[in-house]
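Before I ask anything, let me first share the structure, which is written out below as C-alpha cells.
We just call them A, B, C, D and E in the order they show up, numbering each chain from 1.
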Amino acid sequence: MAPKRSFRPRLTLALDTLGAWTLAIVWIAPLLFAVWAAFHSTSDAVNFNLAGAWTLDNFRTAWDGAPWLRYFFNTFLLVTVVLAGQLVVTTLAGYAFAQFQFPGRDVLFIIVLLQLFILPEVLIVENYVMVSRLGMFDTVFGIGTPYWASAFGIFLMRQAFKSVPKELDEAARIEGCSWFGVLWRVYVPSAKPTYLAYALVSVSTHWNNFLWPLIVTNSETTRPLTVGLSLFGAPESGVNISVISAATIMSIAPLLIAFLLFQRQFVQAFLRAGIK
Amino acid sequence: MNDLARYERRRRIMYGWMLLSPALILLSLFAFIPSAMTFWSSLFSRGTRRNPSEFVGAGNYELLFADPTFSKVVVNNLIYAGVTIPVSIIIALAMALWANSKIPARGFVRTAFFTPTILPMIAAANIWLFFYTPGLGVLDQIGALFGFGSVNWLGRPETALWAVIIVTIWKEAGFFMIFYLAALQTIPPDLKEAADIEGASRWTYTRRIVLPLLMPTTIFVAVNALINSVKLIDHLFILTKGGPSDASKLVLYYIWELAFSYFDRPQAAALTVMVLLVLGITAAIKFIILDRRTHYQ
Amino acid sequence: QTELTMYYPIAVGGALTQVVDGLIAEFHEAHPEIRVNSIYAGNYDDTRVRVLSAISSGDSAPLSVLFSIDALDLIEQEMIIPFDDVLETDEDREWLDSFYPGLMANGQIDGQTWGVPFQRSTIVAYYNKDMFSAAGLDPEAPPANWDELVSMGLALRETGPYGIMIPSTGYPYWMFQALATQNGMELMNGDGTETYFDDPAVVEALEYWVSLSAEHDIMPSGTVEWGTLRQAFLEGQTAMMWHTTGNLTAVRDEASFDFGVAMLPEKVRPGSPTGGGNFYLFEGASDEEYRAALTLIRFLTDPERAAQWSIATGYVGVSPAAYETDVLRAYAEDFPAAIVARDQLEYSVAELSTYEGARVRDALNTAIQSALTGSAAPADALAQAQAIADRLLAPYR
Amino acid sequence: MTDPFVHVESVEKRWNGQLGVEDISLSIPRGSFVALLGPSGCGKSTTLRLLAGLEVPDSGRIVIGGRDVTASPAAERGLSMVFQSYALFPHLDVAENVLFGLKVRRVPRAEQRKKLAEALDMTGLTGLEKRKPGQISGGQRQRVALARAIVAGHPLCLMDEPLSNLDAKLRHSVRRDIKKLQRDLGMTVIYVTHDQTEAMSMADMVVLMKEGRIEQAGKPAELYETPASTFVAGFVGSPPMAFMDAAILPAGLTSAGLDAVYGVRPEHLDLTQEGEGLLQAVITHCEYMGSETFISFDVPGTSGLTVRLPGEVRRSVGEAAGLTFDLSNLHAFDKNTGYKLSR
Amino acid sequence: MTDPFVHVESVEKRWNGQLGVEDISLSIPRGSFVALLGPSGCGKSTTLRLLAGLEVPDSGRIVIGGRDVTASPAAERGLSMVFQSYALFPHLDVAENVLFGLKVRRVPRAEQRKKLAEALDMTGLTGLEKRKPGQISGGQRQRVALARAIVAGHPLCLMDEPLSNLDAKLRHSVRRDIKKLQRDLGMTVIYVTHDQTEAMSMADMVVLMKEGRIEQAGKPAELYETPASTFVAGFVGSPPMAFMDAAILPAGLTSAGLDAVYGVRPEHLDLTQEGEGLLQAVITHCEYMGSETFISFDVPGTSGLTVRLPGEVRRSVGEAAGLTFDLSNLHAFDKNTGYKLSR
C-alpha cells in the first residue's frame, strides 16, 4: 500500500487543469476556425455546416491569386539578410560592450539602449527618406538594414558574453588566441543558446513584419508575404472569407509547422538564453 | 613600466571603437539622424505649389493640437495601452503559472498559448475579421446560440477599439508568457520547499515569493507591452482602418495616414516627435528608476 | 525599345490581374517596340503611396492608374503633367473628346486634361430577385425612389433578411454622394475649393440613410463593411446592396440565386457619382516615355479593348463607342444588367474631389459613420465635417 | 521517554522505477544529533526529504513525536529545515526571511519581534536585519538559514549539507556553532553530509548509507572501530583504512583463510628497516602535514597502505622499507561480500 | 643551472590605487613545486596572473627561463595554466579541449593525435575523448584541465586553486596525481591555494602571503616549525597553534617578559588531572576524528587551546581539566607586531 496525499492537492490540480485547458482552447480557437474555413466552401464555412464537404478549392484559388512562391522567397531572403546582418553587428558590439574597457563605453551603451525606444516603426517617415536617399528603396536591403543594429540584440549579446566566465577568455589567451580568436572560438560558441533564441525572435519578427516593408517595397520582386497577404486580403471589390482564410493559413504554414515541430527546442532556447 | 599599461589601455580603446563602429553607424543612419531630421522637419510647413515650405516653429504642433483627430487618437491610444498592458500581463502570468505546473497535456497547453505569437499580425487580423463580421462571423453565431442579436463589433464606435484590443491581447499574451516561464524556471525549487515547510499556502507563496521575484520580468514585459501599444497597428489595416469615425485609430496609424495618405509630412513629423518624447520619458523612467529599484541582488 | 513602368490599383493576381495582363500582352504584340512592366499595388490608397514613393525615390513611373479624384492633390504636389502637353496630333485631341463627359469631369481642371478614364465605375443597386418574389414583390420592378426603397425594404424585412445594405466603410462619402445627389445637391464646387456638407438637402440625405436602420430597421445598425458586403449579399443576408459596378462580374459568377441590377432610386432626381481610376502621366519622364505611355493609354481605351474590359470586370465602358461594339452589344443582349451603369452615366456627377482630398473625405467619412453609428446627429456631424473642410480649404480659395 | 522521537519504518521511494531509497528504518531519540553520511547519490537527501514531507514514500511509515505523519504535508510535521543552498528569499531582508514562517502563521507582532531578536542574537546576526541575502557573506547567509530554523521553535530540525558552500576555515567554526546551538536548544537534528569528518565530529549517531540502503548506523566510534564492511571502513577515517589480501600476509599469521581481506588503520602500521617487518614495500608518496607525516606504500595485493608518523619524516619516493603491525588491530572482511567476518 | 628558472623582482600591482600586491620578489628553481598560500584576498591570484601575463605589473620585473617577459603577452611566455573553475570550453569535447592550444598554434594533425593520446593516458582519461565537459564528473574535468596544461609541453605550469571544486576524498587523490605528474614530467609548478594542508603536503617551497605581501617563504617544515609571525603560526597547522599571553603563565616560567605572546601546537599540549599542570581550563568542545580526538579549552588570556589525543577520548563539555607543556616547545612572538622574538 502506498500512502496517498490528502484530497486538497488533487482538487487544486483539477482546477488548474480546467483553467489552463479552457484558456488554451479559447486561445487556439481562432486558428482552428480559420483552418476549418479554409477547407470548406464559403457558405459551409459561414453557416457552420459541419456536414460540409472538405475541399482544397480555396487553396487553389488563393494560390492562383498571387505570386506566393515569390513572396515566400522574398520573405525568406529578407529574414536571412536581416538575421545575418544582425548577428555580425550585434556580436561585434556586444563583445565590445562586454569585454573592452574604454572611456565613454557606458554612455554609449545607454545611447544604444535608448534605441530600444526609438522604434523603427515610429520613424517610418524619415527612415523612408533615408532609405530612398541611400538608393535602397524597394530592395531587400532597404527593408533589412535598418534592423541590423538591433539594440535588443546588442543587449542580449553583451549579456551572454558577460556571463562567459573570464577564465575561458584567459585560458584561450594563454593558449595563444588573438582577440578575434577568443571571440570566435570562445564567446560565440558559448553564446549559442542566446544566438538561437535571438535568431528565433528575429526570424519570427521579420517574417511577421508589415508596416515597414509595406512602405519601402513597391514591387512583387521584393514584397514579403505579409504585405502580399494584406494586398490579397483587401481588394477593391470585396473579400471571400474562405479564400482569405486559405491564403492566411498558407502564408503562416511554414512558420507554424516549423514551430509545432520544434516547439520544445524553441521554448527551451528561450528559457536557456535566460532572456528577461 | 607605466608605458606598458598605457599602451595596453590604448589598444583596448581602439579595438572597442572598431568593434562598435558598424553598430554606431547603422544606429546613426536609422535612428539618430532620422530622429533629428524628424524634429527638424516638424518645424517647417508643408510645401505645395501655392505655398512653398517655410519655417513655422511650433506651428505644426499648434495645428496638431487644434486637430480633433489628434486628441481622438491620443485618447484611443491611451485606452489601448491602458487595457492591453495590464490585461496581457495578467493573462501571461496566469498562462506561465499554468504552463509551469504539472497539469496533464502541458505541451498542448503551452503550444496553444504560444501559437498566436508566431502569426503575422496581418494574418491574425484576417482570422479575427472572420470572427467579428456581423451576421457571418463566429462571434455572432455563438451569440445567436445564446439568443443575442447580431453585433457589429468592428462597425460600432463603442466596440471597434475593444475588438482591436482583444486581438492585440490574444497575440501578445503568449509571447509574454515565455518570459515569465523563463523567469519562473530560474526560481530555485527549494524556495518553494522552504515555504512549504514554513506552512505557506500556495497563494501566500505566489504572492509573497513568486510575484516579487518576477518583478524584473514584469517590468521588462510591461515596457515591451508599452512599446507594442505604440507600434502594434498592423491589424488596423485589415480590421478597421481606424474607423468608424476614428474610433479605433491609433497614433502610429495616424502618423502613417498623415505621411502617406494626406502627404502632410510636417504634421506627421510633429506627431512623431511627440511619440518619441513619450517613449524617451518611458526609457528614462525604466533605466533610471525601475532598474535601480529591482536590483536586489 | 522603351520600358514603361505602370502602377495599377488592383490586388496582385486577382481575377483582374489576368485581364490586365491579357490586355498588356495584346499590346506587346501590337507594339513590340514598347515593354510595359505593370505593378499591381493593391487598392487605390496603397497604389498612390507606391507611385509617390517610387517617384520621390528617383524611379521613373511615366504612367499609372490612380483614383480619379486624386487629380487636384497630385497637381498641387506637382506630381503629374496634363495630357495636353503630350498630345501632338489632332487625332490625339479627338481621342480625348471621345469619352463620356461624365467620366472626364474629375480629370479636367483649369482647362486642361490631367486624367483619362479607364477603370471607371459607378454605384448600382444589386437585388435578389428570389427574395423579391418571396416577399411578394415584383422581381422586375426594383425600387425607383426613396419611398419605394423603404416600403419594399419593410416588405422584405418581414421575410427575414435585411432589405438593403449600403456600405459605410471603405468609401462612405461615395455612397453618400449618391444620396445627396438624388436629393438634388452636389457636395462640392467644380474647382474643389468649396464643400456643402451642411446644406439642408445634404443633411436630409444623411438623415434618410440613418433612418434606414434607426427608424425602419431594414438595414443593420452600425457601419456596413465594404469588403464583406458582397459576401453578405451572396449569403442572402440582404435583399439589396449598393455597390460598385466593378463587382458585377464577381457577383454574377458566384450568385446561387437570380439577381438583378438597377439604377439607384431617385428623390428629386436620379443620380450617382462616378468612381474609379484614371490614367495619369507623372513628372520626370522623357518625351519618348510619354509618347510610349500615350500609345499604351490609347490602345487600352480604344472601344474594342474598353468593351472587353467592361465585360470582364463590370466596370463602365469609357466611351459611347465601346457600347457600339459587337461584343458588348451581344453581351448586353444576354445580360442586360451590364448596361445599367452606362444608362446611369447620363445622371452621374463627378466624385467628391477637393484640395486636401484625403482629409476632406476623411472628415466626411467620420461624420457619416458617427451619424450611422448613432454617436452624433446627422446635422451636427455634417456641420463639424464642413468646419474641418472649410479650415482645410481656406488656403486654396 | 522510551519511545524514539523520530521513527522510520522500512520506508521506500522509487523514481520512475529507479531506486531512490529502500528499506530505511531508523529510530532517533529526542535531543540527539544524527548524521546521514554517504557518497553522492546514495539517498541521503531523499531520506531527509521523505522525513520533511517534501516527498511521499512509496511504502513504509514515518512517525514523528508519536504521530504518524507518513501522509501529512510538510507544514504539519512540526519541523524546520536548512537547505544546502540556504533557500533564502532573495527579495526579503534578513529579518523578513527569518520571520517568514511566523508571518505565515500570523504570530502576533510583539512575539515575532521577541523571537527575531533572540534568534539573531543566538546566530550573531544582530545588526544585519535590513540587509538582503545578496548583501551578506556566505557564512552569514548560512546563519540566516539557521536563524529561520530556530525561530520556528520546532523540536526537529533537518539540515541538508548546510556547510558545503562554505570554505574550510569557516566550515570548521560554523560546525561548532551548530553543535552548540543544538545542545543549548535541546533540538533533535538530522544532518546530511558527505564529509565523514563532519559526521564523526558532530553526531551522536552516524547513519552511513550506500546505494539507497543503510550500511551501518551507530555511534561514531563504533563505525570507526568496528566497521561493518569494507565500505564503512574505507569511508570513515582519514586517511582511510588500508586493505590487504590474506594471500600476501605471511602464511599462518591469520586464521580467517584466503577468502578474507584484512584492513588496518594508518595509526596501527609501523615503519621498519628494509627487509624487516611483515611486509616489504616501496614508498610512493610522502606527505608532510606539520604535526605528522603520511607515507604511502605500494605493495601488490594491498590498497591504500599508509603510515602515520608524528612530525616531519624525510623519506624519498621510491625508497624501500618494511612495514609491521599488531595482529590484534587487523579487521577481517569477507573478500566477496565485503562484510565483516566474525572472528 | 645556478640561475633561478622563474625570477620575480619587486613586482607591484594596484587596482585603481587600491593595493593588489606589493614588493613581491621570488626566485623559483627549475623543476620545483611552489605553493602560494594565504587567506582570501591576500593577492595569490594576482601574483599568479602577473606571472601568467594576464595582468601587467605597475612596476617590477618578471623573468622566466632567462627571458624578461614583463611586457610579453600571455601566449608568448611559454607556460600553461590550470584554473580553479578548470576553464574548460563547454562546447568542445574532451579531445578538443585538450588540443585547443595546439589547434590555435596549427600544430600538424599527426603530432596533435600523438600528444593527445599521451596526455589522456597520463591523466587516465582515455576513452572519454568524445564527452563534453558537462558529461563528465568534477574530478574528470579537473584532469582534462591538467591534460590541457600537459599537452602544451611548457616547462612552467601555473595552477590557481585547482582542487577547490572537488570534494574532500577526491581532492586527496588528485593531489597525489598532480604531485606525481609534476615529478615525472620535471615541470616547474606554481600552485595557488588557501588550504595549508595542500600547500604543506605538496610543495617544495611555500610562499605564505598576507595583504599583498609575502609574509614568509620557505620549506614547509620551516613554516611549521619556525613560523616568522603569529600570522604564519596561526595559518599553518590544523588545528592551528594556540596562543597564550605571557601574563597568564606562572611567573618566572619564561624570560621574554610581558610583551610576549607564546604559541604552542596541539601535539605539544598534554592533559592532566584537574588542579595539576600549568594551566587550569574548562572543556568547550570535544571532537572525535576516529584516529584522534581534539579537545578544546577556554582559558582567559589564551586563544585556540586544543589538545590532540589519540583514539576516542570521552570528556564532557564543561568539565574542568589541567594542561601542561614543555617550555622548549613554546614559540615566542612580539605581542604588538606579531613577529617572532629571537630567543
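The rule is short, and it goes like this: contacts are C-beta pairs under 8 Å (C-beta built on N, C-alpha and C of every residue); 3 or more make two chains touch, one makes a residue touch a chain.
Per UniProt, the chains are A = Carbohydrate ABC transporter permease; B = Sugar ABC transporter permease; D, E = ABC transporter ATP-binding protein.
Nothing here was measured: the structure is a model prediction, and the numbers come from that model.
**Student:** With a step meaning a move to a chain it touches, how many steps does the shortest path from chain A to chain B take?
**Tutor:** 1
**Student:** Farthest from chain D by Cα centre, which chain is it? Let me know.
**Tutor:** If we average the C-alpha coordinates per chain, C ends up farthest from chain D.
**Student:** Could you tell me which chain's Cα centre is nearest to the average position of every protein Cα atom shown?
**Tutor:** A
**Student:** Please tell me whether A-E or A-C has the greater number of C-beta pairs in contact.
**Tutor:** Between the two chain pairs, A-C has more contacting C-beta pairs.
**Student:** Per the centroid of Cα atoms for each chain, what is the distance between chain A and chain D, given in Å?
**Tutor:** Between these chains, centre-to-centre, one finds 53 Å.
**Student:** Using mean CA coordinates as chain centres, what's the gap between chain A and chain C in Å?
**Tutor:** For chain A versus chain C, the centre distance works out to 40 Å.
**Student:** Go ahead and note the Å separation of the Cα centroids belonging to chain B and chain D.
**Tutor:** 55
**Student:** Two-or-more-chain contact residues of chain B, please, as numbers and ranges.
**Tutor:** As it turns out, chain B has residues touching two or more other chains at 129, 133, 136, 260.
**Student:** Where does chain D touch two or more other chains at once, residue-wise?
**Tutor:** 73
**Student:** Touching at least two other chains at once: which residues of chain C meet that condition?
**Tutor:** If we look for residues of chain C contacting two or more partner chains, we find 49, 228, 231, 235.
**Student:** Taking the complex as given, what residues does chain A use to touch chain E?
**Tutor:** 165, 167-168, 170-177, 181, 185-186, 189-190, 192
**Student:** Could you please specify the touching residues of chain E with respect to chain A in the complex?
**Tutor:** Interface residues on chain E, with respect to chain A: 49, 52-54, 73-75, 79-81, 83-87, 89-92, 100-101, 104-105, 148, 152.
**Student:** In the complex formed with chain C, which residues of chain B make contact?
**Tutor:** Residues in contact with chain C: 48-51, 68-69, 129, 133-136, 150, 152, 154-157, 240-241, 243-246, 257, 260-264.
**Student:** Applying the document's contact rule, which stretches of chain C touch chain B when the two form their complex?
**Tutor:** On the chain C side, the touching residues are 45, 48-49, 52, 73, 75-78, 168-169, 220-225, 228, 231-232, 235, 237, 356, 358-359, 362, 365-367, 369-370, 372-373, 375-376, 384, 388, 395-396.
**Student:** Residues of chain C touching chain A in their complex?
**Tutor:** Interface residues on chain C, with respect to chain A: 9-14, 39-44, 46, 49-50, 53-54, 56-59, 226-231, 234-235, 243-244, 246-247, 250, 256.
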